[in-house]
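Below are the structure tokens for one structure; questions will follow.
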């Protein structure tokens, strides 16, 4: 088990969210906590979990878990598995001052709503351990796309991973584990030394033109324009590009279309490819947060 | 480069087949041979390859490559990328006595046709090196299905691979490389010792009931009924079954449907998931065969 | 647990042998059997094991374990951890007709002695699962020698493994796992295809001259003269040669000395580098043998 | 090739040091530079390198490479491969103001000497890319000790790596690659998440007592007393401890002796186990430094 573990039984409400929050509720119940859900009524049936029609009693919870991102359009709670509209202001009215709320990607307006009510709102998406845990399903999502799209086996394929942060590290490792010949492009000497220590070839991120024509697949993880038209022109025909970088992404997709380069922008992979694992990662992170808060 | 390499330029005809044969034609041309194709006219444009409308001149070829399997329905050449109907007997009439023909899964009738004409018809699908090479795209196909279907990451997933032949060995290795906790079920003590030496858990193929409830995924590679109703009942809810075994397969699919077990029978994966790699494997095998024949 | 497991408590005698048999006695006792030892009195103290001064009572054993090899010089029991001389004939007199004896590398004379007395003498060293299990400590022994001798890291080192049988397979895999660039030399196309499927470079065993100058390390596993003077001349200065092949070995050591090539003949590594693991492998094998015999 | 590469030929002096500096001189010469050595005269013969008897001409060098550490006892140059005594002050007198000197572990006194003479003295040992590169031979050194000392194979051995910095990461990865069951102990949630993402078990560094009895090997990388008497008491008999941490180390060695725990303090492994690789890592680092300085 990763990180902190919760020794005592808690009363937890999971309010809104998608399959990750639904699975999270079930996993919390499996750990022995009393779990209530609200605004998840159209999701799957959850074993051992109490589905509530109102927020009555939520103010007694040891912890409330809110979605990732917490806010949908129009200052509503992000609740794709609910039939109702749930203004965030109303949701927040249901809690007691000082109560611990864990949410993902807290928006300015939700932070203000929480502050006005004296709620202790904390962001689990900013935790490094969650970002690390999410790198695994992200890398597996990239593998899946590559397996679906490439006419060659990953074994023996030449793969360039641009960027050597969390996602870059795990992605490079997974492709190499399947027998791909992996190179990593980075800027910092220390990152290049790490890539060497792991057995990858190395390239300089700022100087890719002239070195791209050998790759069957380029996976970008850097949220900055590293694959502009001149880099895309340098790719060999049939080379696949997968962009894992959050907005604004790293690929000039217009140029890619013009040049006939297949480029796929794959965002938010953890919730899509492995909702149960993504829910478990959020659970572990919330345990860590509660442990630090002394809950 | 694997196996034998061809030092001299040859004249090769590729007659019929699917994307694998098409890509094979292109790869042969890349190696410097003169390559003619016939009955592949609806396939992709092939760089450097001569697309022929008749078999005139085919009798001069150093080697003729026929499809896998060689025979389609009704004693016709297996030619899904051709608009025409090509009776095998007519095709074989175009060749000269003693000419070398390499085909896959040679049927009894095509063997007879070849013998009547004095053709030297050889089966590349019976070659062990091709079977080994095909284990890689087969394992990658299994990975792809698992990534698409499972709600958990392969990292940390509990996977049972039944059978430890060619496909079982490569499949176990690939799942383990992605962080799955892999067990192997086999019958022979030596196979179990190999699985241990590779770091896998082990089970007895004939005594699986009672030991199946921990797995998220079961991949069968044994072409015999190893997962009958009583084994399927023992799986945990949500466990995915992928059957890679050729007919008759290893799963009681009727029972699986009845029990609500998701079971996917995935056949002929190499040509589907990686036609270029599958074509290259056939090419290498044909080089080995020609080298042994002294061509 | 590998292979068969013994459900009932047995009475086992371990007679003679080295550290492997001593550790084996302890492991058998850990499994709940009653274990007696004889002719191991100068070995380490063994927890839970009965050290005997005579063979009285040995005829009652469910199984007697003899050394590997069973015979030392002069028709004596191989007993390096005993102060005494133990003629095999006398040892065998202590057992009852039909009694099961498991020994390693049974010599002609010991087979005859056993047959004369109606003993059921079986060779555990001929079992494939033991050979497989021993490939692991053999490969680790090769790693140890390479780490001790080479002035470069194994990470990035260029390593050629000659032969792709049991020891070749595990050795190639272990060096590659540490980041070495591994090539495998073999003769059979299927072996070369396997090496490719595992991601290694490939060479032809019979045609190495001209292709050897790039390697930092050559590990031979073939018990035939594959590295004669002309191959040794082709190595780059400083290249290390480790010969794991049993007699007659695969290296012309005289030529190596003459040419200044460092060549190390490493025999019987399992008992030397990992006696506990080697003992455990023998234990598992004996369980399998007893299971097949219905003991 | 890692990091920066030098496009033009330089004039480089390598002054003092051990086998790493000797090999570095040879590698610099292999790259096409003009290389002079001084105070390395008792080392191996270096191909293509000019061994000098005085420092005459050293003031013309584009770069001077000094040892790691630069200073030996008594304010002398650290020069174990020289017969002479070389006071640092005299050495530094031979260079010109503004000249670039690269040294390892620059002492206060040598920094002062350099400043007084207007020399541009830079420390290559403080560079992160060198620390990363050195993690590889350090981890291989730990493997070598474990292979030499343990009576079990690393395959299947239970190994705890304490600390998940540079050396911890590479060490855990190498042991796992050989089939060991690896756990990592760390303090930070993010480090524990990384260890999980790599497939290791996890422990809390500050709370090891009660969780240590399963390990065959504990490798410490944390330079703080993490294995005091109470942790050492918790180890199982025969457990090996390897301490890779620099002074003051992480093990109470006195307590270990008292308790009969085998504990090995392994320092400065890169230069000992792989001087050529260590020299190459210094070379790459110096290239990076010169590239940043515009030399």
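We just call them A, B, C and D in the order they show up, numbering each chain from 1.
Following the convention adopted for this analysis, a residue touches a chain if its C-beta (ideal position, glycine included) is under 8 Å from a C-beta of that chain, and two chains touch if they have at least 3 such contacts.
These numbers were taken from a predicted model, which means no experiment stands behind them.
Trainee: Name the chain pair with more contacting C-beta pairs, choosing from B-C and A-C.
Mentor: B-C
Trainee: Would you mind checking which chain's C-alpha centre is most distant from the centre of chain A?
Mentor: Result for the farthest chain: C.
Trainee: Could you put a whole-Å number on the gap between the CA centroids of chain B and chain C?
Mentor: From the centre of chain B to the centre of chain C is 37 Å.
Trainee: Report the inter-centroid distance (CA atoms only) between chain A and chain C in whole Å.
Mentor: 49
Trainee: Where in chain C do residues touch two or more other chains at once?
Mentor: 136, 155-156, 179, 197-198
Trainee: In graph terms, with chains as vertices and touches as edges, which category applies: line, ring, star, complete, or other?
Mentor: complete
Trainee: For chain D, which residues count as touching chain C in their complex?
Mentor: 19, 23, 136-137, 140-141, 143-144, 147-148, 150-156, 174, 177-179, 273-277
Trainee: Could you list, by residue number, the parts of chain D that touch chain A in their complex?
Mentor: Within the complex, chain D contacts chain A at residues 1-4, 127-130, 132-133, 135-136, 170, 173, 189-190, 192-194, 196-198, 202, 284-285, 288.
Trainee: Which part of chain B faces chain D closely enough to touch in the complex?
Mentor: 155-156, 179, 197-199
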